[in-house]
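Chain naming follows the written order as A, B and C, and within any one chain the residues start at number 1.
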């Protein structure tokens, strides 16, 4: 029996470690459900007071929610950048992703439920479009046949930050290349053209209109509807999560089996 | 039927005395002695599934395109190696199951070796006469890591190509011969045109042959030298207490084999691993964030990430940065592993033969060294996926790297200290308990279900409590347990 | 030989459990066969069902054997004397004598013995030499890339890049024309607002209209330095997180990299396409033993 205790302790330690690791994984955001929950939770806390009354006049919305930082004519100021040549695509992108409006200039860009209705956003885009220049809101068609090309362009130009299947990745500081699981096809093409946040932008010579649409199709049809033929996807984070499972589930189960077969002495 | 077969063989080959002798050999039944068997049976699964895969895999760099069931990669330029891996995944019936079971088996194989090695280490099972088998075991670990890396590199997907790229840079950093060696192995400057074919030869022929030889030798030595056993009633240096190889131990071992297969095929069917179709084919100018190696290479990736920007550069020669964390560190690691039994012998002067195992607590220094080692490599492994950790916890990667650099130095020292104190307290606790006369409770139920022992016999709950009190004391929260009578009378 | 050491009742239980387990194993194996034969076109979640049925088959067999072993087989404890405690002194003596006698029979031939070892050593070295056929040291090409003065910058599909096509704060992977997709020549072409570039000494003219080009091969371990962060103007290697300052000659500012990414001198040809004005002045990628001399002379 004296020898038995050591083994139980090692078993205890191993079990505790494995549980901690499992908790780590479960706690972390899995891109499908976890992220959404987290986003929603955050949105409730931060967004509630900002939810404005429904408003028909886009000028009123702009003057009330945007002009504080960007100026009533969109020229910008000490608190926010000029909108003069960002284009309607930027306005649309920042509003549909919920990146804007923010309450404080230091608040990071984070995907949220949009503050305005679709109609309000369209009206705002049109209104702001009246005094700015730049890329327009693109028409995007998601098509099965474009996925192959889209994947190639994505891996060459996007995977280095957004990861090979769009689960996102950390960059330096608080800037994060976001996961692409909720990004709409229009937002994809807009982001390519305007380079939101810390992302570089791509001109039509760099990524042609056709290729940009292809990337949007790849994201809509493969990143957002992945081919998980192998079973549970483990979040598609790569070998890290697989290693964790091989220890927690694999070695865990086999040690339990060994404990049943052998004597715990 | 078995009897008839045995008779048939006996008339032709002879050797019934040998067989009788071996079949009545006695093996101790501790569950911790099954860890090595897990590794062995994972290896068997690797050989079986690997043979299936090799029938379909095309180890070549030849440029080709794919038009199988997975449409998102149609018409994309790729190597034949990558195409055949896609076909194995989507177009060969049961191919994906075999691929995934093979990969899970590889991960579990190395994990089981590590657990097995830890058991051997903490119980001092490597002492004379088993130093030789320890060195064989360490060699098997080394080969397993190499074998795993070779296999990981074969499909020529984005992650495996990135791994090969880093391996090339590590080889290049070796003084004197690095650049020549890299170009020689890869067949020219990276990416070369040879590496997949050569890794395939290594993966399915050279290393497996070594595995078969060394595993055979490893087991033959266990047979010849007899198995160690934990101390217990009637157990001594001169005997082995357990069950006979035939039939009971064989049945237990077959059970372990079946469970290993069940787990690996279960994981292979239910949990997706290495989905190369997401990674895409490798191109030297394409890269993805969150690229990591399989877990057993994580410590090397981690040491590459954590090692400070130092390199030694003279007027004509330089020792480049990757050499230290990725060439020197593994060399030192395995040198230390090989040397440990001999080093301990020299330091302790204990040259005697040992067949009865130590308890970890009775050797606080050894246990402390073990805990520090495990902590160090665990931190490096975490660092090998620091971008994922940063993503999951939403923290700044630069801050995390600095934290891990500190942890890699402080963590092992802390672990050693805590383990040392813990062992000391536990050993003291055992001694006190023994002197308090608790061992009177110990019932000797021979032939029972294993709860025998001449020493103290505590309820499981008490053991837990004592363990945690010991840990708390080691961490400096007062040695509560020492102030109380160890048997809990208050 | 000790018996199972369990009561009749326990033996009965073990028999029932083992029987059930083996039946489960048979059902699992049959299910595997059925799923396989029906094929992935017919069976949804084909791989998963194969895996589960295989797991049932193996798991059932394992459980059956273990129930059998625990409940119905001899439980011990059996005790065996350890025979292995090294050779006895007499045995050692005997072996030594035999060895000595047979060695003496050869007689003292010290020179021959040494020559034999010499011959074997020489053969070993000679037989190792053919491995050199695998290749020579890759110089001078390791110290050079495909860039030459006047070569146009082209994208991975071979299209030359015009001076006016890139947006500010954007990035493109380019290659020398005629060496498209060459691993060592891969280069990051960035376009920045010209006024923010702070060129290193002697490189003031290397960045026409805010275009600036660095080797894409990380100086740490050779990964493609793919991440371009606009707001901080950093390049980041996704493999080991080395960070380089775009504005200051790609000097390393974080992570394990020690040397800056080599910068490609850029110019514009008469037709308005970007061209290289020469090769990199140091070898691209990770460091190696003769790097300093290669950096000075172009070859070691």
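Here, a contact is a pair of C-beta atoms (placed from the backbone, for glycine too) under 8 Å apart; a residue touches a chain by one contact, two chains touch by 3 or more.
Values in this document were obtained by computation on a predicted structure and should not be read as measured data.
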| item | value |
| --- | --- |
| A-C against A-B, pair bridged by the larger set of C-beta contacts | A-B |
| Per Cα centroids, the chain farthest from chain C | A |
| Between chain B and chain C, centroid-to-centroid distance (C-alpha), Å | 18 |
| Whole-Å gap between the CA centroids of chain A and chain C | 29 |
| Where chain A and chain B are represented by their mean Cα positions, the distance between them in whole Å | 36 |
| Residues of chain C touching at least two other chains | 47-48, 51, 62, 66, 69, 156, 173, 224, 226-227, 238, 243, 254 |
| Residues of chain A whose C-beta touches two or more other chains | 156, 159-161, 169, 171-173, 229-231, 257, 260-261 |
| Multi-partner residues of chain B (each touching 2 or more other chains) | 29, 96, 100, 252, 255-256, 259, 263, 267, 269-270, 283, 285-291, 387, 397-398 |
| Residues on chain A engaged by chain C in the complex (per definition of touch) | 156, 159-161, 169, 171-173, 175, 195, 197-203, 205-206, 229-231, 257, 260-261 |
| Chain B-facing residues of chain A, complex | 1-10, 12, 24-25, 27-29, 144, 147-148, 151-152, 155-156, 159-165, 167-174, 176-177, 218, 221-222, 226-234, 236-247, 249-251, 253-255, 257-265 |
| Touching residues (chain side chain C, partner chain B) in the complex | 2, 5, 36, 39-40, 46-52, 54-59, 61-63, 65-66, 68-69, 73-86, 131-132, 134-139, 141-142, 156, 173, 181, 183-184, 186, 216, 220-224, 226-227, 238-243, 252, 254-258, 285-293 |
| Parts of chain B lying in touch with chain C, wherever the complex brings them together | 24-26, 29, 93-94, 96-97, 100-101, 129, 162, 165-166, 168-170, 172-180, 183-185, 187-191, 224-226, 234, 237-244, 247-248, 251-252, 254-259, 261-263, 265-270, 283-291, 301, 304-311, 313-322, 325-326, 353, 355, 386-387, 397-398, 401, 446-448 |
| Chain A contact footprint on chain C (complex, rising order) | 47-48, 51, 62, 66, 69, 156, 161-162, 165-167, 169-173, 224, 226-232, 234, 236, 238, 243, 254 |
